[in-house]
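Following this line, the structures themselves.
The following pair of complexes shares a single chain, subunit A, combined with subunit B in the former and subunit C in the latter.
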Partner chain A sequence: MRARKVVIIGGGVAGMQTALRLRALGEEPIIIEREAQLGGKVRNWYLLFPTFIPSADVVEPLMRAVKEQGIEVHLGCEVVQFDNHRVELADGERIDCDAVALCSGSTIFDARLKEEYGYGIYDNVYTSVDIERMMAEGRMPERSPRRVAILHCVGSRDEKVCQRHCSKVCCITGVKQAIELKKLYPKADVFNFYMDIRMFGPGYEELYHTAQRNYNVHFVRGRISEASPLMDGCIQIKAEDTLTGRPLRMSVDMLILLVGMRANDDNVRFAESAGLRLADSGFMRAADLFAGNVRSSREGIFYAGTITAPKSIGEVLNEGVVVADSIVDYLNKQEG
Partner chain B sequence: MNFYAPFTLPFIIGTIILFIVLAWKYVSWFVALTHEDKRLVAKGVPSLATLRSVWEVVRESLLHVRIFRIDPRLGYMHMSLALGWFLLIAVGWIETMAYMGFAPVPLQGHVFFKYFAAQGVVTEHKPYFDFVMDLLLAFVLSGVALAWFKRFSSRSLGMRRATKHTTGDRLAMSFLWFIFPLRLVAESITVALYGGGSFLTGSCGSLLASIFGERLLSYAFEPAWWLYSIALGGFFVAMPFSRYMHIFTEIPLIFLRNYRLRPREEKGAIDYFEVQSCSRCGICIDPCQLQADLGIHDVQSVYFLRDRRYNMLKQSVANNCLMCGRCEAVCPVGINLNTLRLNSRALMRNIPNERRYGYFRDIDRSEGSGKVGYFAGCMTLLTPRTMSAMERIFEAVGDQVWWADRQGSVCCGRPLKLSGETDSAHKMMEFNRSLFHKHGITTLVTSCPICLKTFKEDYALEHIEVLHHSEYIERLIASGRLVLERGDVRYAYHDPCELGRGGGIYDAPRTVIEAVGELAEAEHNRRNALCCGSSLANTAITDGQQLKLASRVTDELEATGAATIVTSCPLCKKALQRTAKGGVRDLAEVVAEALPRK
Partner chain C sequence: MASVNFGFGISKPRVIDIDRNNLRKSDEILLEMPELQTCIGCGSCTASCTAGNLTSFNFRKVHALVRRGEYAGAYEEMNKCMLCGKCRLLCPRGINTRGVVMLIKRKLGDF
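Let's look at the complex of A and B:
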């Protein structure tokens, strides 16, 4: 039996896992990655929740395996359009294939759109992505902040910026970063401002309790309404503690915005060229949410990772395996 | 001389009822006017305002100049009915006098003169009057034909959507449409039997005679005049209870308005004149974005006024309005639609709670001092890029600034006022007013057109000039204090409702944009500008519907090909950012960027 070509759009953890599994099943995966290197967003994370292992422990073995298996990788390549038999790249190259796995992930919400939080306007307002990078590069401020506010749901569950969905992983990221901050600055007061705390994964709820019990991280139910700069560089935040029903005003040395995942702008173009369906959130709509959650509405086009919805890294890795199996199934049926 | 015939009875009864109802309405409304309003009337009557009003009555109640401006075909339709009928009555009066001298002639004698003349009241014949009267009748009939045609195809008369009328209005309308064709028939038969007439009644008469023969026509003679009289009488009875009440009411309204009487935030007797001046022409329907973009068809001003007039106004209708003023801008009667809607809301929702405002005491969080005060407003605090841009501009010109609300303050009060909570709104207004006076500023600059409008209209600030930041920046540029580097970026400007139609400020932001780059105009601009959809005044539509309105606006602005959308209202900016593909900036931001680098 000849090896069948499967183009994988996106070389993050979803794409790499899919490629590796397809190779293990004897097929010929080809990864198209827009960036200059593989690894996607996970490469930029510092420690991963809930176990605090370095992100490199997840990404690097995958990258190494892709190399060892000799999987064909196109770096710095954008996909212009595709269907289930052909993928067209920005440089004009066309790749004929037997199936396509769309693993192009999602986009981090641009916190500048929530102008009231002052990101990009005032100093000392960060996104959770900034904090990951600063932690990883050891660039956190040396002087301990007295107070840090972590705001949940920035660009998630927010109709005002047209992002109604829950980004799923920010709650636990907030808990994780709060603990990291407390480890770094034991004397600082760290506040999480949340709407709901959604601890869906294994070990998450436990970590949430650990944060409160062992690290004295504070949780305030209420969103911050606005932030303004003070003379000394601090940020003044206004919020409402909705459990006590009282307005609250606090000056903090750092304001961290837990930015959510939103659908890629490319999705619209991809959906048009390949005849795929979008969900209301702008993410890709899977054939169904149960047995067909890695299949698209079109034959021969499959999804893995956050292209269909926000997911944790573990879930994405599982999907990589599932999608490879589904693709092989499909290819076998095609050949009868 | 006998001017009495049984067929005139319906007309006489109808006329009597009409005048009793009108007199009763006008007298009771006038009596109910406030003292202040009555004083204004007493002062206004012996002034030039009266002459101005007479001229305006001719222009608007007869000629319908404003409707002509909207669409000439529509204007002609309204004019032919109003002016034509008026002239029929006036020339008819002169005609009677020409025949009878100054002899006392009862009303029905004038109206049905052709009948009585044929019955031998007069002996001589004046063909030139026949000609003029025929001409006028033809003029009116052309209007009736257009009105009738408009019912089937409003689009051909420049209206995409016409008013959906109530049964009462349809009945009154049917009477009205029958009056003139019946008059034509009655007069034509009369001419056929007794001679006279001109190109219209004369030829119609010959035609009828040739078809039916004189014998048959002589049987139809009396019934035709009966029908004409019934149509007139029926219309007159229906008139004060239907939309046709506007025919007379617009006249006192024009006078009262020229005497400076206006509806206020509480309901008042002047409102009756305004509400019943609405002819339900439906010109307000097309510009309504709720109608055009969201398919909401029962809240437009014409329906709001109708519901209010018949005491069947629902809160859901009163609340479902952007108060963008697009309908007010085209209303041919010039009704103060926004104010009327506001005071309807106030009546429904104003439940003041004294204890809610205890926190006002000692809440002065203002900073700095200077002759220039800056009030950002809540929405600018939520779009701080605008405020930091203003900070850089103040710094560049070296103005000492008193920052009213940089650390938060009390709301200007307009959002509460717009939602009908006027008493609560006044609590906030009083607080801010004394705050502004306490700090001794002479100029108050705000970036928010919503605040601006209420500062100007409700605050009565003494010795403090209120400026929108676009006006302030324009002055700085004009006086040479602010020097900017002009780039070649194209900016598409979005007129905020509260600044443009609400405050009449169209040029200042445009002048400022032209000082920093190239100005691009959207298809709908200035007085016709579209609303961003996020108006504070509408508490009824959903977020998704707001989004739909916004995307229409950004589509239009982006169609100009400009890279950046500029507006001068923080609320518009927030709204448009949600659907714009490129950047949306406040005017202050683009100005701050054009400051020369040190």
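Let's look at the complex of A and C:
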């Protein structure tokens, strides 16, 4: 039986896991990655929730395995359109194939759109993505902040920016970053402002409990309405402490916005060119949400990772295995 | 000329101002009983509380306010508790709620 060619669009953790599994099953995966390196977003994170392991511990073994397996990888190549037998790159090159796995992930919400929080306007307003980078590069402020506020659901669960869905991983990221801040600055008061706390994964609720019990992180149920600068350079924030029914305000030295994952802008174009369906959130719509959650509505086109919804790395890696099995199953049926 | 009383008054601000509040007492309380910080505001304690069903006493809200540095009236409120311990049977975070009442009363008694 000849090895069948499967193009994998996107070389993040989803794409790499899919490729490795397809190779293990004797197929010929080809990864097309827009960036100059494999790894996707996870490469930018510092320590991963819920166990605080370095992100490299996850990404590097995958990258090494892709290399060892001699999997064909095209870096710096962007897919502009595709259908189930052909993928077209930005430079006009076309690659014929037997199936496609779309693993192009999601896009980080641009916090500047929530102008009321002053991101890009005041220096001491950061996103969770900035904090990951600053922690990784050892660029956190040397002087301990007196007080830090972390705001949940920025660019998620918000009709005002047309993002109704929950980004799922930002609550636990907020808990993780609060603990990291307390480890770095034990004297600082850290306040998390949330609408709901969603601790969906194994060990997450326990980490939330640890943040409260062992690190004295304050959790306030209430969404910050606005951030404004003070004369001394601090940021003043206002919210309702809904559990006491009172308005609340405080000045903080750092405001951290937990930015969500939104659907890629490419999805619309991809859906048109390949005849795929989008969910209301703009993420790709899987065939169904049970046994068919890695299949698309079109034969020969499959999904893995955050292309269909926000997910944690563990969930994404599982999907990589499942999608490879589904693809092989499909290819075998095709050949009858 | 004597001032005319038009009936206007100045309302006290209701805002919890963390910059103005002194969190020292609250920190002391949380240091003695860190489990109190794990409250998730579920309200089981208040729902079960006999005192809360007959008076305006709201155990959950009083200790939440104390943790924000709002101490005024907390001692008096906690005096409404009968220490029956029903709330402790329910708290999903396993907080020794009755102990919270005692601790807040001890810490804020001189307030």
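One rule holds for everything that comes next: the second predicted complex is superposed on the first by the 336 of 336 C-alpha atoms of A that agree within 3 Å, B and C clash if a C-alpha of one lies under 4 Å from a C-alpha of the other, contacts with A are read in each partner's own complex, and residues count from 1 in each chain.
Keep in mind that, in the parts below, contacts are C-beta pairs under 8 Å (C-beta built on N, C-alpha and C of every residue); 3 or more make two chains touch, one makes a residue touch a chain.
Just so it is clear, the structure is predicted and the values come from calculations on it, not from any experiment.
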With both complexes overlaid on chain A, does A:Arg2 touch subunit B (first), subunit C (second), both or neither?
neither
What is the contact status of A:Gln212 with respect to subunit B (first) and subunit C (second): first, second, both, or neither?
second
Touching A:Glu159 in the superposition: subunit B (first), subunit C (second), both, neither?
first
The chain contacting more residues of subunit A, comparing subunit B with subunit C, is C
Once the structures are superposed on A, label A:Ser228 by its partner contacts, choosing first (subunit B), second (subunit C), both or neither.
first
Considering only the defined contacts, which subunit B positions touch subunit A in the complex?
381-385, 388, 406-408, 543, 547, 574, 577-578
If you look only at subunit A, which of its residues touch subunit B in the complex?
113, 115-116, 118, 121-122, 159-162, 225-226, 228, 236, 238
For subunit C, which residues are in contact with subunit A within the complex?
14-19, 23, 27, 30, 34-35, 37-38, 40-41, 60-61, 64-65, 67-68, 70, 93
Inside the complex, what are the residues of subunit A that reach subunit C?
147, 189, 197, 209, 212-214, 216-218, 221, 241, 243-251
